[in-house]
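The same subunit A turns up in both complexes below, where it pairs with subunit B and then with subunit C.
Our next item is the complex of A and B:
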């Protein structure tokens, strides 16, 4: 029983990062109708930025987060200007097809650049509290991962608040629902797209930084994280960031449960199985709107 | 105030407008009537900046506005209520209206405008916390009109506002048009309800097969036997 609870707890902690990773993808997809399959590579870039700031400048990784988020957001602005800004000129179906091509190209490029710059080794940020744990009713909770979950939750909350109350946050929601109607209310749709894309990549960067603290990064993690984020987006559905976060937690729990029941190798299978079942039974997602 | 001259535009392969000229003066109500597919919607979309014309000129306040982005035109006092209302259905009535005041100029006067919209449409004040998507067709049209008014337009363009509404709701929104117009806003109205539109309008244009085939005062066109024959049905001619 204790083993089960312990595994579920670890699954929950990892699930928080799945949720954060998926939130950025979901925001970009929901607003721009662009599927950025290089999202995982942006997470990887965020991870290396944090790693570099932590080992190079000696910053605490959680402090480094304050720099990683704006840096990856700016990277997002550049990517939008250079690549995705051209994709959003088309109708929605063409946008998705073209964004897949652009995204795959970007993913390969970022992967190759990262191998060159950082080698293919796995890395993790060494911290003073690495390996430290707190006891919680007989369970062992790694401090770094617990803090990561809290940070992820806070970031989701902040983004949610901005979308609900902020002037441009509301504009982004309006554009997501009907961009032409938004345009007719005087909303600069291109600016809303740009902003949503930058926020999405900033969230990806944050997720990457947190991954490099509690887990490990390498140039090759991108695809895996893109897949996890996609599974969560399908699981949760579009339209609610909080729902997406919960979807991430669900995936983390499900993975842990299946690893325990069927053995470690089946960890990856359960996500895809969930993906499949949700698509069959509830294509709009658990929390999505049809 | 608004001057369209020799405008041509295509809609896919179709010639939607060919050499259309029309104007709307300050404080006027102008109706644009014609059968389905005559090009009425395309004309409004050209003026709003959503469709780029092939040829011709659109002047707003005497300035050529070719290539001006739609959200900039809104800032300059031009609003369009699109066909089918196009509300933000997942937001409340209040959120829809407040979001309407997005241009900086409108934002400064948002609360005052909101009060006026709620005075004009008391029904919306009752439903302000309801999701816009859950309202009846007539109420949704009120939100769409209110949302456009929130941008503080000097010219309000409406594309088929009575489409799909119950007769009583149509009456209600047409009364509101008069009220809006009295407050100094010019109205450019595209309607398939020809009788109501011509009854309201100071002037009107008849659009057929992408061309203007008639123009005159609203009452004048309403009395025109050809117009009566074509748009009001044979019984109208007898009466």
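Our next item is the complex of A and C:
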């Protein structure tokens, strides 16, 4: 029983990162109708940025996170200007398909660049509190991972608050709903797209930084994290970041439960199967229109 | 009409003739490294063409394609090392891959566009992980087989498969089924309204595509002396096929041949200096092609020859959208 609870707890902690990883993808997909399959590679880039700042400058990884978010957001602006800005000129279906292809090429490029820059080794940020745990009713909670979950939750909350209350947040939601109507209301659609894309990549960067603290990064983690984020987006649907976060927690729990039932090597399979079944249940896609 | 037909076949004919000429290579040079490079190139052609059928012609971006390549390799290898003749083993591999392709298609063709792409990506990963878990031991040929291993046999088998794949795509380009596939690609609803049975066409496309991928996988199993059974299921094979097909020219019969030549030679050249550099270059090239030149190298060649043929009109034509 204790083993079960312990595994579920670890799954929940990891699930928080799945939620944060998916939030950026969900925001970009929901607002721009752009499916960026290089999202996992952006997470990887965020992880390496944090690793650099922590090992090079000696920053605490959670402090480094504060620098990683704006850096990856700027990277997002550049990527939007160079690539995805061209894709959003098409109609919705072509947009999704072309963005998938562009993201695929971008993923390969970023992966190759990362292998070149950082070698293919796995890395994680060594911290003073690495391995430290607190006891919680007989369960062992790693401090770093618990803090990661808290940071992820805080970031989701802040983004949610911005989208709900902020002036530009409301503009982004209006554009997501119907960009033509938003344009007619005098909203600068291009700027809303840019902003949403930058926030989305900033969230990916944050997720990457947290991954490099409690877990490990390598140039090859991109595809895995893209899949995790896609699974969560499909499970949770679009439109609510809080829902996305909960979806991430559910995936973390489901993986832990399946690892206990079918053995560790199969922990990835259950999420992928869930993903495929949910997709089949909504063949018209995630935007709820036929 | 006759002239138009001839122009249509010019590219594929050149591709088949070039591939045919490669048949002379083992007679002229005995260098094993060249023959191995040749096998890699021919396998890449066949794999890219198999993807070209489902994605280039029928417009269904199957990102789980490696699963069928892997299934073909798995079945062929298991049967072949236990005594079945290689021809029969490869046929069985192709049949299993095609059956799996149809089964996947029956479920996944409910999904449109990018949703089909990510759905098949997930299925491919499920299969890759499961095969890796069940068969974690490296697969090596028995000593007797290795003793009798002849590279030229693999080379000619790969050549036949590559030529066959070009011929299949060429024939599809002008056949009723191929035209139906292209109609579905351009606009599925309009195709269905004009009397094309969209699901039937897509199922036949996926059966053909996965059978060809299975055969190519079978050849992979016939060629390699030892490898992990999970390896041919790796998404890298799908990515190779996608890159080669798009860079050469998706939906054409000679584009993937051009793309494969470009890809394999560049990869070989760069691998000496810097491993994986080809992915940096081809990833970037791929993005540029998707955004600026959706017809790939084939379209670039057509534009160039048009411009050369009519120097005055070329500039005006390129000013259009």
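Structural remarks
To be clear about the criterion, the second predicted complex is superposed on the first by the 279 of 290 C-alpha atoms of A that agree within 3 Å, B and C clash if a C-alpha of one lies under 4 Å from a C-alpha of the other, contacts with A are read in each partner's own complex, and residues count from 1 in each chain.
The rule is simple: contacts are C-beta pairs under 8 Å (C-beta built on N, C-alpha and C of every residue); 3 or more make two chains touch, one makes a residue touch a chain.
None of the values given here were measured: they were computed from a predicted structure.
When the two structures are aligned on the shared chain, A:117 is found in touch with neither subunit B nor subunit C. Contact with subunit C, but none with subunit B, is seen for A:273 once the two complexes are overlaid on the shared chain. Set side by side, subunit B and subunit C differ in how many residues of subunit A they touch, and the one touching more is C.
Looking at the shared chain after the overlay, A:158 reaches neither subunit B nor subunit C. Applying the stated contact rule after C-alpha superposition, one finds that A:106 touches subunit C and leaves subunit B untouched. Using the contact criterion defined above for the overlaid structures, shared-chain residue A:83 touches subunit C, although it does not reach subunit B. Of the two partner chains placed by the overlay, only subunit C lies in contact with A:230; subunit B stays clear of it.
In the superposition on chain A, A:177 makes contact with subunit B only, not with subunit C. In the superposition on chain A, no contact is made by A:140 with either subunit B or subunit C. In the superposed model, A:5 makes contact with neither subunit B nor subunit C. Those residues of subunit A that touch subunit B in the shared complex are 167, 170-171, 173-174, 177-178, 180-189, 239, 289. Residue ranges of subunit B in contact with subunit A, taken from their complex: 48, 50, 69-71, 74-75, 79-80, 82, 86-91, 95, 99-100, 102-103, 106, 147-148, 150-151. Contacts from subunit C toward subunit A in the complex involve residues 61, 107-108, 110-115, 117-119, 121-123, 125-126, 129-130, 132-133, 235, 239, 242-243, 246, 274-277, 279-280, 282-287, 290-291.
Across the interface of their complex, subunit C is touched by residues 35, 37, 83, 86-87, 93, 96-102, 104-109, 111-113, 115-116, 223, 227, 230-231, 263, 265-266, 268-269, 272-273, 275-276, 279-280, 283-285 of subunit A.
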